[in-house]
Amino acid sequence: MIRLEGVNKFFGHHHVLKNINLNVKSGEKLVIIGPSGSGKSTLIRSANLLEKPTSGKVIVNGVDITAPKAPVAKVRQSVAMVFQQFNLYPHKTVLENLTLAPVLIKGVPKAEAEESAKAFLERVGLTAKANAYPSQLSGGQQQRVAIARALNMKPQIMLFDEPTSALDPEMIQEVLDVMVDLAHGGITMVVVTHEMGFARQVADRVIFMDEGEIIEQGPPEHFFVNPTHERTKLFLSRILR
Amino acid sequence: MVSPFAWFKWQALIRDWSVFGQGFANTLLAAALALALALGLGIVFGVFGAAPVKLTRVLNRIYVEFIQNTPLVIQVFFLYNGLPHLGVMLPVLVVGVLGVGVYHGAYIAEVVRAGIQSIHRGQLEAGLSQGFSYVGAMRHIILPQAARVVLPPLTNQAVSLVKNTSVLALIAGGDLMYHADSWSSDTLYYGPAYVLVGVLYLIICYPLATLARNLERRAGVSG
Amino acid sequence: MKKKLVAALSLLLVIGLLSGCGAAQTKSGDTGSKDAPDIKAIKDRGVLKVGVKVDVPNFGYKDPKTNKIDGFEVDLAKAIAKKILGNAEKVDLQAVTAKTRGPLLDSGEVDIVAATFTINEERKKSYNFSDPYYTDSVGLLVKKAAGYTGLKDLNGKTIGVAQSSTSKKAIKEAADKLGIKVSFLEFNTYPEIKAALDSGRVDAFSVDKSILSGYLDASTVILPDSFSPQEYGIASKKGNDALAKLVNDTVNEMKKSGEIDNLIKKWSLK
């Protein structure tokens, strides 16, 4: 579904991603963890080319989007992203946030887009907020709207970059609940998070990154119980304490 | 002395009102066309200036720096008296619209660029991640938000654009100022003439300022 | 904004009222004493403020190299200063244009204006004029290459004139007589008209001949036609009647003594 082949990323002289090879299968739930600055965001943002790799290939559904003149915008329609800072459109209502791209980009008829938007709003428990503006919502509500917005593109893949890190603790669970619910559906998910409970619960595979490299990966039962690498152990001991 | 505002001078003004009417109409026309041009140029070059493409940013700088650092009067004189030497004789109204439009376009470009850059980067990324092109994201996501930031300085630009159409008077452009100059220098009744001209410019600029303020308020409520 | 509008309008009103009052007060000026108040004001100040042209060679022209203004009209101004203050150097020369000379007189920024100011009935309503010190006529400057020989060749053409100049009227009357039609474009300054002639925006540059001669160059020619002889006078503010009389007397004395003729020769006019 998504394949990174020998991806390197430099910011100036700073080598942020070091020869990353990664294959995410259809329907897989992949969780990426690692210390701050290890390159997790850069990695996940490479998957939809918000960061352009300095070298290497990113192949989504068989299309090499790092090739010159690749149909990047087209591919992005099927790869939705949820951001740490929500990034809802503040000048649009909740409903409009959900329908803007489907109508303008995919050419979905407005009525149809609104109908499905309402269904997704119901799924994230925010039917009542359809006509509110983002600034009138709490952080947790905004992030749930952002997830509904992503879903209304009917994507095949969902990317989450620390979706709960900007939230007050009491709001984290409502967002995680929605994500767990999503994971039970068949969609492919790549999630950068520090929420180990979530990782244990839904991940098919956990990846540990440090200093731009994938240090260790495996299914959560093995990964959390029996990490092989010193750096992984150290990180887990800190975060699980 | 005879007051510059003596009654018989006002009577002469009323007798010759059509001179001012014609000037007013020309000024309105020139201002409307120049504003449309300035907005078009301002938005395009403002987007150029904020784009992640070196070439467009360089184009933006050349345009803005060149226009902002030469006087409007010189630009208009060049269009009026310089171009004919190169074989291009533009009608005087076109000279005015082009001169004033291009001049204020540069200032509006700066306003628009600053407006775009004041919008959080995450907005562009959200748009791009949904499959918008850069231009599409600008049009539907960034510019509508920037518009709110940009409206007050834009109003100032529009108002000073209207006033600056009076450079047409320097090139016999038939605008309000030209006719006022011409009439008052023929009769020497400059008192009433320039009062009337002041009021007429106010009549154009005041609704403009009001309109922009209302837009601003409406935009403010919706966000 | 509504407040601003009101403020702007009332400001205009106040300006109007003030100048109206000014007019009423000066009428009661006392002429019985030794010096009339208008003359006295100049004497108290110790300098005569004169509006002159700075762009008309031989009349009033500021040499960009020396930054000095001189010419026929500057010499006239000095003669009047000598008359009032006893010293020809006590003049404060201020650059005026056709557009600014009226307002500057009204506001008192200048006492008198000697700036190729043509005397006519309309203008006499607004200002006091001295008897003429020079008679000029309107002429036409055209490009040699155009091959015009007179106004008759200018049917359908555009003529550049200065704002506030009487040449527009003079040419129009002459054109009507010839049964031809010409249109006019008005400019602020003479160099702008010359630029418009050079660029082809206008087909002829029309102004008083004395002024035209300053713009003659290798590519242009002054047509032999002369229109509407016109007389230049020294203008002063209505109400400053003692000043007007003194100026007029001075001009007439200079004419009688031959001084004016000498100045005309000195500045090679005619």
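Residue numbering begins at 1 within each chain, and the chains themselves are lettered A, B and C in the order written.
In this section, a contact is a pair of C-beta atoms (placed from the backbone, for glycine too) under 8 Å apart; a residue touches a chain by one contact, two chains touch by 3 or more.
It should be emphasised that the depicted structure is a prediction, and the values quoted were computed from it without experimental measurement.
Taken as a contact graph, with one node per protein chain and an edge wherever two chains touch, the assembly forms an open path, each chain linked only to its neighbours along a line. The most central chain, judged by C-alpha centres against the centre of all protein C-alpha atoms, is B. Inter-chain spacing, taken between the CA centroids of subunit A and subunit B, is 46 Å. The distance from the centre of subunit B to the centre of subunit C, each centre being the mean of the chain's C-alpha atoms, comes to 35 Å.
The geometric centre of subunit A is 80 Å away from that of subunit C, both derived from CA atoms. Subunit A has no residue in contact with two or more other chains.
For subunit C in complex with subunit B, the touching residues are 1, 5, 8-9, 12, 15-16, 19-20, 22-23, 26, 98-99, 102-103, 106, 122-123, 125-127, 160, 163-165, 168, 185-188, 192, 195-196, 198-201, 237-240. Interface residues of subunit B facing subunit C in the complex, by the touch rule stated above, are 1-6, 77, 80-85, 89, 169-172, 178, 181-182, 185-188, 190-191, 195, 198-199, 202, 206, 209-210, 213.
Only residues 48, 50, 73-74, 76-77, 79-81, 83, 85, 87-91, 100-101, 104-106, 133, 135, 149, 153 of subunit A touch subunit B when the two sit together in their complex. Residues 120, 122-123, 125-133, 136, 140-141, 144-145, 148, 219, 222-223 of subunit B are the ones that touch subunit A when the two sit in their complex.
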